[in-house]
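Next come two complexes, and both contain subunit A; in the first it sits with subunit B, in the second with subunit C.
Here is the complex of A and B:
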């Protein structure tokens, strides 16, 4: 009996010794500005990471799922990044905000830590210092250009206004949108910045109406867009103007805030939605959400799926790196995701493909439109924006 | 219809909400000379209490009243537990306590399901449907209700401070605590009441803001600081100042958005222009438009 106990203890110890721990870290806004999206995103990252452990996705490796709140503060993001790399020996970094990612670019280049962010700002993967930065899905710029292509197909020569967040996140697609509009024969009448605390948009909407702008494309978070939609409804402009927006403008957050004013809003995103119940990624997200007892609202959020996507890509890259997933191995794992080795976790409308030159994962996107019940229904199939590749060739 | 009257009306609407949100600052400062930097968090607390109750099936209006009662008690509790111990301490220490409180309340809200996420009140029947039109500007019933609630509360408190014994007592305490105590006034009771009243107005502001622009912790707590220029402009110790300051900031925001955003690339002047006016006003009247000019005689 004693011998058996000693033997089993030795086996357990040797198993534990063989079991390597690798950190999968995320830093983002669980509290503070944009935490309405960040908290669900963090839950997605964490749950997929724990799920990977429970499924033993990485043989011989236990993931240390580290989720840190940086309160949307770039200095906190940088501190977290340094801690992850220096003390936790993390081979990959999952980030969140545009500002934090842009600020860290040179450090990421220096430390050679592959990084995936929740921000889809194209500048994150533009030269310089772009060897190790990756976007999980299509960029905001591509979202906006795809919306412009949609407008051009509907009405050549249409007048379009851009309403963007007063930040790098919001301003990001403006240059590409202007170039694309010119090529598509559209007229951009105005580019206006609207922040999160803007409670009244009468002046903005009256001016856009006076300019004859018929299509209003938003690059913002759901809150300011909801306020604009409610004011547009009050002013009787919803039928006259078509409101549209990039990834962070739409989804359940928008319909919860704007109510019936969100009806007909057109949204560009690369992700599948909770109501698309037959999609394997959504089935998996629901299963994982239930496994880790997440609130129904969290599981329904597109940000929960987005967090899972980032986590899944990082874990797949680790898997491809083999028994010893260091930063170099994870980088090789990421850029191996193409052709027959493309990775398709099912959360987005296309497979994740990366290479040394291609740093956008799931490049396809769809346009969806809100119906009277607040649900978004696809109005296009999965597509890439041909125009985006012309106006913003990747280097 | 001309743009100007429409912008003025829209400014008054939003300004009255600012004024209501700013009222809590004034009530506390007026009686205790304390600036409460946790006011935004109390606004959020009130709004989320009301929202949570509506989610449990409580009638919207009743939920709003219960939330106001709850933040009334919360204000009283904060004063009793934290602020009363700070009487006579340096003002910077008291301000630091309120900054600390803002973090604590923020953290506590994060422990609830409402800390992160986006929520929206289901509009009560009374507030659905067509509103009214003023000078060609359609106003929703929510906006009208917001203005009426704000003006009602602001009017009520103006009357309270000017006509009621308790209101005059509160002003006396603000003016000179020692003198007030020497005639038998309970300064502690006055402070507690001021904090409680500020809590009550905070919940009202939170519910109106929630109806108008939805409920997010960041948005609601942020409004507490956004209205800070309102009280500075109007005068930290003046209810009338809060009303005029709120309206002025609301109108200035809308006028700048209407007339300057088209000229300035990217627009967004509404975020800056009121502050330019604020600086000019403060250079001329450092105590605000309606604030008490303090004269120290040596």
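Here is the complex of A and C:
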């Protein structure tokens, strides 16, 4: 009996010793600007990471799920990145903000740490210094070009106005949108910048109305878009103008803030939504959310699903890297996700495909429209924007 | 009793020249040398992430000296110091990437660009005072952010990456970046501090204080208040430009978000908490605010993880601005001379030690 006990203790010890710990780190805004999205995103990253541990997804490896608040401050993001890579030996980095990701590009290139961000800014994967940067889903630019294609199909020669955030996050897609509009025979009447302090948009909307703009495409966060929609409703413009937007404009956040003014808003996103209860990714997200006792609002948020998606891609890449998932192995794991080896965690409307040249994961997206109750229903199937590939060929 | 060069327990200065010395005693000189010696050893004991914070504190200290020159020493409220930093950062980035200049030339170019723009922005100070001037500097901050955001040359506020630097054959890589930059920023800070201490001894430096205290009286004494004000903006912005250039290299890329209005407010908070019109305060303010930021940052994350607040109440996010606001209000109410006064009192205590009086 004594011998058996000693033997089993030794076996347990040897198993514990064989179990390797690998850090999966995320740095983003849990507090501060955009933390409404960031907190849910962080929860998604963390919960999927813990779920992977509980499911023993990586044989012989325990993930150290590190979630750190950078308060949407670039200097803090760099500080966290340095800590993750230099001290925790992380083989991958999950980031958040556009500014932080753009600033880190040269460091990512130098350290060769594969990076996935919550920002879908195309500049993050544009040259130079783009070998190790990846977008989990389609970019904001592709979202907007897809919306333009939809407008062109509906009404050739239509007048379109762009309302964008006054930051690189907002401005960057404008160049591609202009090129696409020209090819699609649409007229961009105006590009206006609107930040988070847009409490009265009367002047903006009257200006767009005077120009005859019928389609208003937003590249912003949900807050400013909700204010525009409420003002458009007050001015009786909701029927006359069709409001649309890229990934961070829509979803639960918009309907919560805009109420019934969000009705008919058209939203481009690559993710499945909470109400699509039969989708395997959504079933899993609900299960994991319940397992880790998340609030109902958190689980409903598309950002919770987005966080899970980033975490799932990183863990799958580690799995493909084998027993020793270092940065080089994770990179190889990522770029192996194509063809028959594409990765489909079920959170997005298409599979995640990466290669040495293709750094956009789930390129497919859908357009969804809000109904009277604020729920978004798909008005197109999963598709890629053909025009986007023409106006922004990836190098 | 003549003033001793070794120790002074009181003010025994009898000549104007004695009043103008940088160091009153050899003990002061020695203490600075010892302090710099200790600072040179600091990277050997500090963890990497903490060394990054020290580098940030030193860069902000250069900017806060500049802000103190305009606001503390000359009394011209400036809410656009981050924009002047930004001018320096972008000028440095362009000099380094477009002209391929080495960092030791690119950073001074950033300082000169800051000074040039600062001189221009300072022109309204000839006509405006107090809050009106503050609004003029605020307008510059807004114009700067808008201007950068609409200039393709400046990547519309997106990132302009800076090349790696090489010093005495040592290349600053990811793993030694904080270490190398510590030894580059520290001498710059010491030189900039001593430079300002020297300028303050000259008639130009004293004219700034005279204008702050009473510009009409200063004019009656033969000082041109307009020239003094423009000069204050020029020197203050030069410091900001140098800080911006250092920050650009230290962060490895220039992004507009690092030079926004919130940073200008933060720099002003550093100057107030440190002590307006004080050189030691320019070091203590950034030290206090960065340390507070770290502590509150950890506190916010902990508060957020508790999940004790109802949905929609983001108390964790509110903690940071609340703490900063509270710190500024408390300092303004109870210690308007800032941490510099605590520093002065503690020095005074040790000066007379072991005698109480």
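One rule holds for everything that comes next: the second predicted complex is superposed on the first by the 393 of 395 C-alpha atoms of A that agree within 3 Å, B and C clash if a C-alpha of one lies under 4 Å from a C-alpha of the other, contacts with A are read in each partner's own complex, and residues count from 1 in each chain.
What we mean here is this: a contact is a pair of C-beta atoms (placed from the backbone, for glycine too) under 8 Å apart; a residue touches a chain by one contact, two chains touch by 3 or more.
Keep in mind the model is a prediction, meaning the values are calculated, not measured.
With subunit A as the common reference, subunit B cannot sit beside subunit C without a clash. In the superposition on chain A, A:160 makes contact with neither subunit B nor subunit C.
By the touch criterion defined above, A:105 lies against subunit C but remains apart from subunit B after alignment on the C-alpha atoms of chain A.
Of the two partner chains placed around the shared chain by superposition, subunit B and subunit C are both touched by A:297.
By the document's definition of touching, both partners, subunit B and subunit C, reach A:32.
When the two complexes are overlaid on their common chain A, residue A:241 makes contact with neither subunit B nor subunit C.
In the superposition on chain A, contact of A:168 is made with subunit C only, not with subunit B. Of the two partner chains placed around the shared chain by superposition, neither subunit B nor subunit C is touched by A:146. Once the two complexes are overlaid on the shared chain, A:129 sits against subunit C while remaining clear of subunit B. Residue contacts after overlaying the shared chain place A:207 against subunit B, while subunit C stays out of touching range.
Shared contact residues of subunit A, touching subunit B in one structure and subunit C in the other: 30-32, 35-36, 39, 166, 171, 193, 295, 297. Within the complex formed with subunit A, the subunit C residues making contact are 47-49, 52-53, 56, 145-146, 149, 155-159, 161-162, 164, 173-175, 177-178, 251-253, 255-258, 297, 300-301, 304, 307, 311, 314, 316-317, 319-320. On the subunit A side of its complex with subunit C, the touching residues are 30-32, 35-36, 39, 68-69, 71, 74-76, 78-79, 82-83, 85-87, 99, 102-107, 110-111, 123, 128-129, 166-168, 171-172, 193, 295, 297. Residue ranges of subunit B in contact with subunit A, taken from their complex: 3, 6-7, 10-11, 13-14, 17, 106-107, 110, 113, 115-120, 123, 131, 137-140, 143, 209, 212-214, 216-219, 222-223, 226, 250, 253-255, 257-258, 261-262, 265-268, 270-271. Partner subunit B is touched in their complex by these residues of subunit A: 30-36, 38-40, 166, 171, 190-200, 202-204, 206-207, 222-223, 226-227, 230, 234-236, 252-253, 256-259, 295, 297-298, 301.
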